[in-house]
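Next up: the structures, one after another.
Same chain, two partners: chain A is paired with chain B first, then with chain C.
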Partner chain A sequence: MKKEKLRVIPPAERANPDLESGKYLLMWQGPQHPGITGNMSLKLIVEGDSVVDCETHVGYLHRGFEKLMERRLWMQNFPLVCRIAVPEPDFNEYCYAAALEELAGIQIPDKAVWLRTLSLEMIRLASFLMWIGGQAGAFGHGTIIQWSVTMRDYVLDLFEELSGGRIYHMYIIPGGVRGDVPAGFFKHVLEIMDTVQKNLDDIELVMFHNVVFKMRAEGLGYIPADWVDHYGITGPNARAAGVARDLRKDLGYLAYPRLDFKTIVGQKSDAYERARLRLLEMYQCIDLIRQIVDQCPKDGPFREKLPNPLYWKIPAGETYVAAECTRGEYGFYVASDGSDKPRRVAVRGPSYTHAVAVMERLARGVNIADVAGLMVSLHTYPPEIER
Partner chain B sequence: MNELATRLAARYGARGWHDQRADLATIVLDADRLRDALAYLRDQEGYRHLSFATAIDNIERGVFTLVYTLRSHDKGHSLIVHADIDRQKPVVDSIHLLWAQAWTYQREMKEWYGIDFPGSPRVDEEFVLEGWEGPPMMRRDFDSLAYSDATYAERPGRATSDPARHMKEQLYPEAAE
Partner chain C sequence: MDIKDFIAPFAVWKRAFEKPFTVKKPIDERPGAPRYRGFHINDAERCVGCGTCEAICMNKAIDLVPVEGREAKEGDSGLRPRVDYGRCCWCALCVDICPSGSLNMSNEYLWIDSDPDVFRYTPGVDKKPWDGAELGYRRAEGYRLLDEQRVPMAELGHREAVKSFLELVQGYSRAQAEKEADRCVSCGLCIASCPAHMDIPGYIKAVREGDLDTGLRLLYETNPFPEACGRICTHLCEGACSIGTGGDPVAIRWLKRYIADQVELSAYAKALPRAEPSVGKKVAVVGAGPGGLSAAYYLALLGYEVKVYEKDGEAGGMLRYGIPEYRLPYPALDKDIGYIESLGVTIKRGVAIGKDLSLSDLRRDYHAVYLSTGLPVAYGLEVPGDKHPRVLDGVAVLAAATRGEELGLGKRVAVIGGGNVAMDAARTALRHGAAVDILYRRREEDMPADADEIREAKAEGARLIEKSIPVEVKDAAGALAGKAALFVWNEAEMVQKEEGKRPVPEAIPGALREELYDSIIAAIGQGPDLSYVTEEDGVPMKRFKPLVDARGMASPGASPKGGAIFAGGDLVNDRKDAISAIADGHRAALSIDRHLSGKGA
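This part shows the complex of A and B:
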């Protein structure tokens, strides 16, 4: 009964509060604020401790990537694309590389398909581990983030072993992957997965059965299923509302059709349900990584020979390549005019929708102390909004 | 999917259907029928998800090409809809009533390309370029390097060179420009 009462749908229309009346207070949350995800800010108008209106402000991290890419050779853009979503750069690398391969007509070896899938699942796990720490922290739960960031560091150790880089890997490149797996790598992967899984069991026990977390997260930021198409909501935010959409299943790219997994769906997309669904997806990640290690070819080529990157011209054409990242549909639209530089590269990040239109609506009527928890529960990264 | 191409051609004068992949096609429309066609695709053909919207500056042809990417999850198919608008008079119908997040894309296109969407919420507000006084920065005739050279002072001791040019000079000195 209480939960039903809590699950309110915020009004579609914006309030028009009179700031001169002395009844309201305008305040900024961010860009330097522990309760904000990355470099963005929320302009909140509050009445008492309730948010009446919210506006998302971005631009603190705009580096003009899409403009810069039009000035650089196809291959020179690689150090740029991975910086568009910092905690999970591999999805940028995959989408950009796959778009180039499609336009240039390059087929990649089977081993590269598996290693790309491994790289994407590992970064999915790392990103979720960072997110769950943020989600717990937003509700005053400081222990979880210490555990989960430690676990994330173990996964980053694996990336360092695989690619030499911890944050930006540039492991997925056109034609395949940059290098073969080092000796003993798969064994290390399995060991780390065992460690992370044990830690997830602890997190589940401490966080999801905690009465404070349950009371504050249940009903917060409720997304009805009919918003999914109307707002372009994707990923766990949509799946938690019972909409079974996962591009890994729907598009069947890379090695996903050969892996055994089911799309996890929830029933009511509130902050608690979304957190629970992401936790289940973390377990699913670990399972997928184990399957990949088991099935990945142990030898064979890992990269197709490419033309000279300094003189590489890609035939005129356009394509859109999407992948399921931790937050939903991540895509690269790439247009070539037949020259050695892109004509246009446009990045579709799920935060573009979730952090602006959805966040602004969901914040209406929320207690000011819950804004941070709501924001993190949508799992947004500002760099992909600004590019 | 060719039946869809025929229906779109008959109803909205769509042309140039091109299958890029089995699950991705592109099509071209006239800008004045764009909103109606997008509404039809959403309501009648199942393309209910707007993946993104953006523009390309085709300065050689004097047009901006709008790019709307829709997805039908039921059909497992995506459709990229193009429409050209005059570069000198870049105004097009807003689709913010069709999709609730579309106004953000339109606000971005207004700021980055100078394309106007009358009636779109907050379309004239700054999006990512706070305090920007230059021309719309994604236009092809806006030279970001020349702008930086003219706007910002050189910092002593920080020589830079284009890595691609450097590598060409190192590897192919006879061919380097």
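This part shows the complex of A and C:
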């Protein structure tokens, strides 16, 4: 029975049920619902306890960032971009800064390259820690989130020490980073990595060897490998399907070419496989952070001097800078008309694909109790859908 | 599924006996990290209210507000930043950009109040528990958003400089000027400190954007001597510059010079406003120095027929005869004057009022007269022997150098005084190959000369003898009699006579010293020559100066036809520099226009 379930591929066509027939029930999950990730909602049509059709509704979180950025100086956008994806601000900061540096022809110091890499890997770990609590919670497993959010707070402590902020770090500034590491920081990093690793071992035991989690997650939300290009699926969702696609390897930006790591791939991208792959990536994060601490230059400049931010003009041009965030390809398209403000900024977040098109298809035929678990297993953040 | 999937979750029971990760009272026991970006703190004494924090804040959370008990003064707007925490996003760009470094953040993050209005306050002014916090976000060492270092100016080396009268300062290239202009934050503190209130941020912006025609137009709005002021201005603006609170002030003077140097005289007419149609009234200006010509320029623009009377052979006044060529080359000055003349201003050179024409002649023939005759008469040393033929007057030496006359200063020269004239005379003597001593009655830090001039005079080889009170000039003995003189001075010590006043030099009894010099140049100040003003002119005087009202008017004139007398420049004001004279001239031109036409300006 289990094996059959694994192979279920939801129909490509939307169901068009007759709501007047009395056979179906139309119900909303979200925007205020503990089983939804962020402020979005799902309009579900259910027959009994199984979902016949799902329509995603976004727009509850629209703040107009891309438009706001056209009205602000290049440097004034730096505190703004981090708010586009709340749990992972650093990827926004990196993509924005790197795009500006590319357009303005600025080479950042090596130390800044390493500290940026450290910042990105730390936030990757923090973001995964928050996700894993949500994933367990969506299957009724409340213990994990108590642990993982504590661990995430430890990582945020590190950010606080490094940048002065826990959630919005605003550390990766165009030209480099905002400061060198404080005294004793690397020691704290290593201590906390040990703590987190110990905790991950526990999570592995409690969650991944848990019969309830296994039964509910295995086979749920199966993504065949041929969907990856069709839908534009990236990140762990794609890697779990066996597609080795990781921008850290493929683009080789920042210090990644100098770090020793292998792209982790799975075989069948269902909720369990994806969760397992993300757990492995968390271990990988810890390993990368240790490598960075080991290899980061101890001194040297951390920021390239830029022109006066009040009048900084960036030569006309356009670029697209992408980075591998926890959920896949995160990119900034930035166009300059040579003035002191961006002409256009467009943000490409993986959630748009995963939470809208892929979610709508995967939800068809799923038990209503599994919708929340399915949604979390795609690891999506609505704020980045609504820039 | 295997048996492990049923048993494994129980394995973590062992953690129940371990110390928990969490703390009991996080609020009480969890201070923010040393770099935490908490509530703002501001050192209100260091802050100059430049508003750069307000300019960079992308949330418009910062507003510069007046503060009780704090007045605007030079280099301080008197305003202080008020932060609205309903808008603040704690990005700390304001801290990163603050020119003075006064604005920082504490590591305090807890503040609970039921009144939402309290979350908008002026750090450093409204007292808060976290004022003076040691910890919190500070700019990292080596990290600033603004450039604290000025683009260096190419100058002749001192060894080279002293060999000739070639201009010392070489001027900025385009790239250098644009880079220097990029340092400005357009706070405008400089505008208030400039006697002429030039639109400094405006013309710096023009340099930054490469729009020199606009730059020139902005310069001429308040100052028709950009070439001269771009070189020798006392640059009070740079003293007020907010960037100077945390680094080198913006090189405002050099940027002004850059604009004027880059635009050809033939291209001025295109950039600058044309004169209004003639209003059919005539104004006479006495003295073709910067003040007189400035009045003439603005009057000509307003459509007046202006005639300037100059006793010397060339126009420019002290700019030409008082400032040596190595600081202000004559072609640069001629460019400024040439443009003023091109507007139809007539300069009658070599016509002395009081000799060739009288002031009452001018009052009869013109609707208004502007007196701008400056301070041409040098004060004497007022010690026994000061009429010795080798005791020279500093202004006369500089004027003779301008005329190209043989100075015959000799090998050893003493310059008495500590002002700019003394420095110029000393450096002129150095350029004629003399060994120069500068004797000043107080200390170096008390000298009224520009710090740059003192520094350069010393670098070029002048010896500074401080705390030396002149006592006597004695004729040299023997064959040198009449050709050299002994200068006798008394060494002094600085005595604090009155609390709160500057210390005064007091002669040390018996500490007399003397030295033989070929020339002794007295440069201890100058006074006006008002011999051309007679009692009938009805110009009220106070301490040998014409007394003027706020409009610059000294006498309203007897007849309805006019003949009102206005006065300004060194003759009247206390600052005694070119830019103040220019400002006076501008003001007088507007006042004369208002007086004669009633149409305002």
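We adopt the following convention: the second predicted complex is superposed on the first by the 383 of 387 C-alpha atoms of A that agree within 3 Å, B and C clash if a C-alpha of one lies under 4 Å from a C-alpha of the other, contacts with A are read in each partner's own complex, and residues count from 1 in each chain.
By our rule, a contact is a pair of C-beta atoms (placed from the backbone, for glycine too) under 8 Å apart; a residue touches a chain by one contact, two chains touch by 3 or more.
Note that the structure is a prediction, hence the values are computed from the model and not measured.
Aligning the shared chain A places chain B and chain C in steric conflict. By the touch criterion defined above, A:386 lies against chain B but remains apart from chain C after alignment on the C-alpha atoms of chain A.
Once chain A of one complex is fitted onto chain A of the other, the partner contacts of A:310 extend to both chain B and chain C. Judged by the touch definition given at the top, the superposed model places A:202 against chain C, while chain B stays out of reach.
When the shared chain is aligned, chain C comes close enough to touch A:160, but chain B does not.
Of the two partner chains placed by the overlay, only chain C lies in contact with A:150; chain B stays clear of it. Once the two complexes are laid over each other on the shared chain, residue contacts for A:170 go to chain C alone; chain B is not touched.
By the touch criterion stated above, A:80 is placed in contact with chain C alone, chain B being left untouched.
Shared-chain residue A:72: touches chain B and chain C both. Look at A:370: by the touch rule set out above, it reaches neither chain B nor chain C. Across the two superposed structures, the residue set of chain A contacted by chain B and also by chain C is 72-73, 76, 310. Touching chain A in their complex are the following residues of chain C: 1, 4-6, 8-9, 11-12, 15, 21-22, 32-37, 52, 55-56, 58, 89-93, 96-97, 105, 137, 140-143, 145-147, 182-186, 208.
Those residues of chain A whose C-beta lies close enough to touch chain B in the complex are 58-59, 62, 64, 66-68, 70-73, 76, 102, 227, 229-232, 234, 245, 250-251, 310, 317-320, 322, 329, 331, 333, 335, 343-344, 346, 348, 352-353, 356-358, 361, 385-386. Those residues of chain A that touch chain C in the complex are listed here as 72-73, 75-80, 150, 154, 157, 160-165, 168, 170, 178-180, 182, 195, 202, 205-206, 209-211, 214-215, 301-303, 305-311. Taken in their complex, chain B has these residues touching chain A: 20-21, 23-24, 26, 48-52, 54, 56, 67, 69, 73, 76, 78, 80, 99-101, 103-105, 126-130, 137-138, 140, 144-145, 163-164, 167-168, 171-172.
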